[in-house]
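Next, two complexes with chain A in common: one pairs it with chain B, the other with chain C.
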Partner chain A sequence: MKLLFHAISGFICALLVIMTTITTYAQDPRIRLAHLDYLAKKASETVDVNIDERLIQLAAKLFSDKDEDEAQIKKLVNGLKGIYVKSFEFDNENEYSSADVDSIRSQLREPAWSRLVNVTSKREGIVEVYVALNGADVVGLAVLSAEPKELTIVNIVGPVDLQKLAKLEGNLGIPDLGIQPNKPKTKNEQ
Partner chain B sequence: MKRSTTIKLVTALLAVTLWQTISFAKGDDFNAVVKMIEDFYNVKHEGIPFLAKAAMKAVGVGAKIKGGDAKRFAEAGSIKLATFENQEFKGDLLKFRQMLNDSLALTWSPLVQTLAAQDQEQTYIFVRENGDKFRVLLVTIEQHEGTVVQATVSPKNLALLMKDPEEGAKAITQEATIVDHE
Partner chain C sequence: MNEEYLWDKSGEPDPEIKQLEEILGTLRYQPKPLDLSDEVQPRSRNRYLPLMAIAATLLIAFIAGALWLRVRNKTSPQLHKAGIESPQPKQVVPHVDNEKPKDVVVANKDGRDATPPRIKEIKHPRTLPASNMTASERQQALEAKEQLMMALRLTSEKLNLAHRKAQGASPNQIRNQHKVG
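Moving on to the complex of A and B:
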């Protein structure tokens, strides 16, 4: 009986640890990117953008409501907790490996992350867009763009959707990724 | 002396010392960064003559970036500038970046950092609050020259810098170094 009690307690503890880990992942959709820093030595240009919550709140406070452009950015960044971009541009192809790309993909796994399939980009190569969900709420977004001579990762923490990302492109250090959500196909097109 | 009084006194003393340390660290980051560059790359910065400093306070620069209409980017008299010219900046970029980030992590937020390893070019933009205004610290290092600029900017100009960090940084550096080029 005592042994059974210990076994059940152990099982509950393990379950609690697993649940906590899943919840933590879901609540912190920040991707680890530091391990890619070694690529900076091979890259012709490396860009790191770190706009943390404090700077975002500052931006939301600073951007004017009167200026149309600024008012739009203010609306978009409101509620966000971080914008992080890491981008490497190389002179030659094959300077980064598939393991580098996989190291990002492995962080974007279910159940915390879901890949959006109805997204395309004007850019060449692979462009994958992921959203982090906490229940039904979007709590983060990640874009992985892997071109032959360029590797870019954009990570937005907070409630964000694709429309927002598209409008933020070219602002706040976010590169223009040419991302566009596909329109749902009509019956005739299918 | 009672034990509780001693504890209170020690705590107060510690608090004052800590406050002074933090204030010193905040105020002296510009010099610390210049010193760090000198030590890491074995280079020496050039001082700016007194008259040039005076001119810097009076000069009006039409630094404009996307959406900006300010005639000056930095607040008058707020610019601190250190330049390194005709010197060899050879060293591990990543190691330097790590050192710089570690030393400023407590008081500054890193906004944008760019590296070009082959050309040995590095640009760093750090930001922090300074009362109702903001301080910006820009570090630019190229193969043979370097610049460290610290300036106070208005909230409006910080917004412009955040909107377009690359152009904003160029405008501030241009504004700070224009005296040297004249």
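Moving on to the complex of A and C:
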């Protein structure tokens, strides 16, 4: 009888550990992007960024504290646990499927994720911004941008300051790497 | 012989019966605590056994979790690179520069290089006194920095795009928008 009790208690303990692990894994604000790699063959331009915490810390050492802009970036990336980006730009429309978009969207569900913005346009595609919250703290960010000829997914793991991040564009000398060459803009940028 | 005595102990008992009763009476049940000698004492159970069982279970679960994480990290793609893949790759002639090296090749669709790549010449790994990084670490850090800047630029661009679209979009285009906190 006691042996049975010990077996049951051991099983319950193991179950608790497994459930805790699963819960922790489920709350991980990192989204899986590897299944989209096949799109690289179709894309005319591909951006694939995988930076884990170690590399972020390593890169942060190169940012100068004296330079105001670099100090801001250093402050922004400090504490981040990972930055993952996949961006595919195609010559033609409909190169990626709605299932590709849904596979990302399915990972961005409540309660782990909250959708901040969802702008849908038949002509211009969709832009969705999600944040992972721990209480009132943002612990993850995901941006899903699906345009007719472009699919971009950004996933930042860790505390993110959205306002500072949005201010980066064009303000901090972040180089334009020609990811989006001059093309007829049909987007409503007003 | 009085047989009634054998049934209900009534009447006069037979002397032999009486004698048998006296002999066997010594073996009659006596209510007293069981007195076992030390040799036949059962081994006391280890009272720490349940705790040890739980600890062993937790240890096994921890090891299994660690192994799983290790395998997962090994199998997940560790692409510490960022690049623009062009359908028309252009030959890039690197030139040696000791300033800020960039090994990220970026080319537009038409084959023009957005940023001419520069490769830092590394002869021997050495420790940099300023940052306490070896040359290889510094190279890795520079690559990471390039990726980081590219990722931040893209993220910032997309956030601003979302912001602009949300501001310019008609109400039915915005499906969900609320503040955090």
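What we mean here is this: the second predicted complex is superposed on the first by the 132 of 190 C-alpha atoms of A that agree within 3 Å, B and C clash if a C-alpha of one lies under 4 Å from a C-alpha of the other, contacts with A are read in each partner's own complex, and residues count from 1 in each chain.
Convention: a contact is a pair of C-beta atoms (placed from the backbone, for glycine too) under 8 Å apart; a residue touches a chain by one contact, two chains touch by 3 or more.
Keep in mind that what you see is a predicted model, and the values were worked out from it rather than measured.
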| item | value |
| --- | --- |
| Touching partner for A:Asp102 - first (chain B), second (chain C), both, neither | neither |
| Contacts of A:Leu58 with chain B and chain C, given as first, second, both or neither | both |
| Partner chain(s) touched by A:Asp161 [first = chain B, second = chain C, both, neither] | neither |
| Chain B versus chain C as contact partner of A:Asp69, first or second or both or neither | first |
| Partner chain(s) touched by A:Ala34 [first = chain B, second = chain C, both, neither] | second |
| Partner chain in contact with A:Val49 - chain B first, chain C second, else both or neither | both |
| Chain B or chain C, by number of chain A residues touched | C |
| Contact residues common to both interfaces of chain A (with chain B and with chain C) | 37, 40, 43-52, 55, 58-59, 61-63, 73, 91 |
| Chain A to chain C touching residues, read off their complex | 2, 5-6, 9-10, 13-14, 17-18, 21, 34, 37, 40, 43-52, 55-56, 58-59, 61-63, 73, 76-77, 83, 85, 87, 91, 114-121, 124, 127-129, 131, 133, 136, 138, 141, 143, 145, 152, 154, 156, 162, 165-169, 174-179, 181, 187-190 |
| Parts of chain C lying in touch with chain A, wherever the complex brings them together | 45, 49-50, 53-54, 56-58, 60-62, 65, 76-87, 104, 106-110, 112, 114-115, 131, 133, 137-138, 140-142, 144-145, 147-166, 168-169, 173-178, 180-181 |
| Chain B-touching residues of chain A, taken from the complex the two chains share | 37-38, 40-52, 54-55, 58-59, 61-64, 67, 69-70, 73, 91, 171-173 |
| Residues of chain B defined as touching chain A within the complex | 67, 93-94, 109-119, 127, 129, 134, 155-156, 158-159, 162-165 |
